[in-house]
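Consider the two complexes below, in which subunit A is the common component and subunit B and subunit C are the respective partners.
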Partner chain A sequence: MIKKIRPYVYLVPAFLVILCVTLAPILYSIFISFIDLTKNVHKLDNPNLWSFIGFTNYINVLKDSVFWSSLVRTIIFTVVTVGFEFILGLAIALILNEKFRARGLVRGLMLIPWALPTIVNAVLWKWFYDADHGTITGLLARLGFTDGYSNILSHTTSALIAIMTADIWKNTAFVALILLAALQSLPKDIYEAAKVDGVKPFQRLFSITIPLLAPAILVALIIRTMEAFKAFDIIYIMTGGGPGGGTQLLSFLAYQQSMVFGNFSYGAALAQIMSIFTMIFAVIYIRIFYKDRG
Partner chain B sequence: MAKIVMKNIKKRYKNSDSLTVKDFNLSIDHKEFIVLVGPSGCGKSTTLRMIAGLEDISEGDLLIEEKRMNDVAPKNRDIAMVFQNYALYPHMTVYDNMAFALKIKKMNKSEIDLRVKEAAKILGLEEYLKRKPKALSGGQRQRVALGRAMVRNPKVFLMDEPLSNLDAKLRSHMRAEISKLHRKLGATTIYVTHDQTEAMTMASRIVIMKDGIIQQIGTPKEVYDRPVNRFVAGFIGSPSMNFISATCSDTALKIGDFTFTIPEEKIEILKSQGYLNKKITLGIRPEDIHHEPKKEKNNSNTFQATIDVSELMGSESLLYTSLGDSTLIAKVKSTNIANGEKVTLSIDFNKIHFFDKDTEEVIQSTNQSRLIAIS
Partner chain C sequence: MERTKNQQFFIYLGVIAVMIFTLAPIILLIIATLSSGQDLNSKTLHFLPSHWTLKNFTDIFTAESNDASVPPFMQALKNSIIVSLSTTFLTLIIAILASYAISRFRFKGQNGLLMSTLGFRMVPEIALLIPLFVIFARFGAINNLSSLILIYTAFNLPFAIWMLQGFFRSIPKSMEESAYLDGVSSFGVLIRFILPISLSGIIATGIFVLLASWDEFMFASIFTSTYDSKTITVAISEFSKRGMVNFGMQITGGLIASLPPIILALIFQKFIVSGLSEGSEKG
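Let's look at the complex of A and B:
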């Protein structure tokens, strides 16, 4: 009997930690999305005043035009950043998979953007875009793209592009790392067979390499899509959602509603909706890539 | 099909001082089945890969149909290669694996279909065409790899240890299949293996290599009956040839405390080459040692042996014993000899080989060496 119980006893500490730091907050967040918890001091302290209001919070979110504009922006942000990160990451991985001098050094350097904390990255890029002293601002002015120094982060479109660029710069390295690891584990003899078969480099990439990399691509895309979809810190630092909500993505909206305006239930409902989106992405990706893998 | 000539081919890998393949010379005729055999690291795979164009040739000339191929890309050499690990495209079906090279050549679809189905029929793969390699057994995968080579209708088939990932039973089955296929297609085939059984059973000629050097080229029978040195003698044949230290006078052969009378022509060979009363290495194949249950003890070609281990192989038994200071293996008809038993064994001295103790080259009459040179 003791023998049977013992393994479970050992698991208890880990389970407790997970319960406290992951499971409980998730369940609590789901719970408050169904009540009317707002920044009313009396209500916060007194659960007796909480009333169950069903899907009202969800309906409010879906009726809110700010939600829809943020969703569109989030989708644009996700598609553009993940798209570029994938294409650039694959290209870098393919290059770094070739033999050349100082390859180890280049591989190491490539990882630096990804190794930087997001906040450091965001602050760095914020400076690049600084209206008076920014490197990029200056570069654009001198190359004649802008009339003198302009405030990139104060215009809606340019601010979003600027943030996406910063995100791509950081996370391309991550995609490249995963794809490079996968590339190095691909069997060499398949490529030799292709060589004897007369497969051209272009065909080799699309007919052999990319299909063989599919599982790794899937992992990279799922992770990156989920992260991009809930991007928060880079926006918080670089624009604070501005100008005029022009770079406000869903997670920033959820943060703003909950933590700034005190609409905890609204924020929680929004967070649940985001989770559903994330799950849908994962299912779609898995379907696409594993459709004929059984 | 194709004639292949290799002239003074050498291979030196970057950052390596020594040559992996040293002065490889071989002329392969149309429809020949050549097996390159040798221990790992002997340069056999490297040689094959140079023919395929997967490795550069450091020196020498490779001619296929009298055309120099050294700098021709693999795809333009009109060869097909079968790899040890099959090298199938895992994301493609069996059909697509076979059709891929043809699609790349932009062959029309009906022609591709015809060829793939024809190959599938020959290889018994018809019902698996829609499967992915993952859903096939090792033997089936190897057949797909063969099919992929076949559909291209190449001048030359190159096979790099294609059977070494299969289990013993499947291997002997596939051995026969490949031989059959070769007879049917009649394509020049170069086959690399470390397994002397594959070499002996499949080859029209065997090329035995060691340390990047060709030791001997010949038909299976030639290399078995007339090995040119101790290495070839030991490598070909299973179990390996026994090597025993001996001295021969002009009347008898002395091994340890035993003295044997051997045929005069054998003594003559040693005499003519100046090896009388010198230490030599004697080579005796296990199958040339016989068990003599009824013969008298002190016959001129028999000796008393204590059997250390007796292994029953079915219709035959392997007896492990010693003669002089050397271990001796005898392959005899199945018997009930127990471990530790004392028995009489006889040696067929007509079939023994002599090797120089230092150079390990075979000692043979001048006539014989002339014969080998001609063959």
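Let's look at the complex of A and C:
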């Protein structure tokens, strides 16, 4: 009998914390998304004031053009940043996997962008893009790309590109670190055999290295896609969703609606919709992953 | 593999390009923190300051005494240290117990439990921010570091359990079995065998949790509005919130806030890389 309950005893603390601070809030959030809760949270104290309005909040979100433009922008942001991070990260990992002097030091330095807090990264790049004193603004003007100093963060397209660049710089290091760790654990004899068989370096990359790296690539892509899809900090600091909502991403929209405007129910409904998207990603990725592994 | 001179040249060219890509923003950041306000606010493109100064570093710790709208940086630093260390400690203890059960015992609902930890890891934070804010606001538990610690612990648990149960599973069971025959309790086995052997995995997991709680901003910005409770990420964001952006203070605060995670990452480099590769193998 004791043996039967023993594993559950070890699980109790974790279960309690996740139940109270994750599971219950998720259910509560679903509840909030079906009532009309705006501004005053103390309305919840009195059950008579809970007015269940069914799917109205969800319909409001889906009818809102701001939601759709934010969704499209979030997808663009996710695809572009994760795409660049993967290509650059793979290239860096392949270079750092070669033999060269001070290799340990160089690999160690790759940890810096990864360890740099996202908020600091956002502040740093916001300063690079500053309309009057920014290094990048100045560089673009000097090189003749812009006609004098321009306000990069005040135009929708350039602001989005600027934010994506900042995100790509930081997170490329993460992808590079994961892929480098995986590259180091690959069996060396396959490469020797390929060399004997006269396989060209470029072919080696696509026919040996990338297939062997597939599990690590997938993990890096899953983690980065999830993170990019819910990007918040970098938007909050660099543009606050502006100009004119032009860099509004879904997480920021949900935050703004609930925490700034007090539309908790709209925010909750939007957050549930985001969760559904995240679950779809997860299922797709896991399907591919397990299919590859057989 | 032997390389020709030509290939060597391209490898070094690649390494130099990688270093420039990685370090240029960091070097510009360090130089900027050592520049005077005049240099930072000049409209000419220059990479080195006209004169070097530590004024930004002294300013950031004293500014609040001249201007009440500036969050006290020292207090924020202290709050962040308390929150991230407590979160890491609490998360590790709870996750070690849970991972031990998952990796060592057979029980009903084991697989479902493991899958659901993965699921909880993927919930967007915003989906939890709204209900947690509503709940904590009603109970008046805002501006309380304990609330933040509890929330961060809950966030990091699924990830920590997932990592640790992987490390625990890779330990052979033979030693434990003889210990059980000698009458050692299951808790004794955890303390005497599992913990020492998996120490590197526990350190790696702890560092990931520590950095995640040090970096967190969205919850901290909502759950802390008094100077006594603001964390360092919130303080940095507010150096810009006043009408005029004080870049000198913002990037200097940013550099100081980056030092603990960067130093930790460099010291524990081996653990982090092994943690990342473990993670990439086990998903």
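The criterion applied here is as follows: the second predicted complex is superposed on the first by the 277 of 294 C-alpha atoms of A that agree within 3 Å, B and C clash if a C-alpha of one lies under 4 Å from a C-alpha of the other, contacts with A are read in each partner's own complex, and residues count from 1 in each chain.
The rule is simple: contacts are C-beta pairs under 8 Å (C-beta built on N, C-alpha and C of every residue); 3 or more make two chains touch, one makes a residue touch a chain.
The shown structure was predicted, so the numbers you read here are calculated from the model rather than taken from an experiment.
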{"item": "Superposition on subunit A - do subunit B and subunit C clash or fit", "value": "fit"}
{"item": "First (subunit B), second (subunit C), both or neither touched by A:288", "value": "neither"}
{"item": "Partner chain(s) touched by A:106 [first = subunit B, second = subunit C, both, neither]", "value": "second"}
{"item": "Superposition-derived angle with apex at the Cα centre of subunit A and sides reaching subunit B and subunit C, degrees in steps of 10", "value": "80"}
{"item": "Partner chain in contact with A:260 - subunit B first, subunit C second, else both or neither", "value": "neither"}
{"item": "First (subunit B), second (subunit C), both or neither touched by A:207", "value": "first"}
{"item": "Partner with the higher number of touched subunit A residues, subunit C or subunit B", "value": "C"}
{"item": "Partner chain in contact with A:79 - subunit B first, subunit C second, else both or neither", "value": "neither"}
{"item": "First (subunit B), second (subunit C), both or neither touched by A:189", "value": "first"}
{"item": "Smallest separation of CA atoms, subunit C relative to subunit B, angstrom", "value": "8"}
{"item": "On subunit A, the residue positions that both subunit B and subunit C contact, one per complex", "value": "195"}
{"item": "Contact set on subunit A toward subunit B in their complex", "value": "187, 189-190, 192-193, 195-200, 203, 207-208, 211-212, 214, 292, 294"}
{"item": "Parts of subunit B lying in touch with subunit A, wherever the complex brings them together", "value": "52-54, 74-76, 79-81, 83-85, 87-91, 100-101, 104-105, 132, 148, 152"}
{"item": "In the complex with subunit C, residue positions of subunit A that touch it", "value": "4, 6-11, 13-15, 17-18, 20-23, 25-26, 28-29, 32, 37, 41-42, 44-45, 88, 91-92, 95-96, 98-100, 106-120, 123-128, 130, 132-133, 135, 138-139, 141-142, 149, 169, 172-173, 177-178, 180-182, 184-185, 191, 195, 215-216, 218-220, 222, 226, 229-230, 232-233, 236-237, 251, 254-255, 258-259, 264, 267-268, 271-272, 274-275, 278-279, 282, 289"}
{"item": "Contact footprint of subunit A on subunit C as seen in their complex", "value": "1, 3, 11-12, 14-15, 18-19, 21-23, 25-26, 28-29, 32, 40-45, 47, 93-95, 97-98, 100-102, 104-107, 113, 118-120, 122-135, 137-138, 150-151, 153-155, 157-158, 161, 186, 211, 214-215, 217-218, 221-222, 233, 236-237, 240, 245, 247, 250-251, 254-255, 257-258, 261-262, 264-266, 269, 272-274, 276-277, 279-281, 283"}
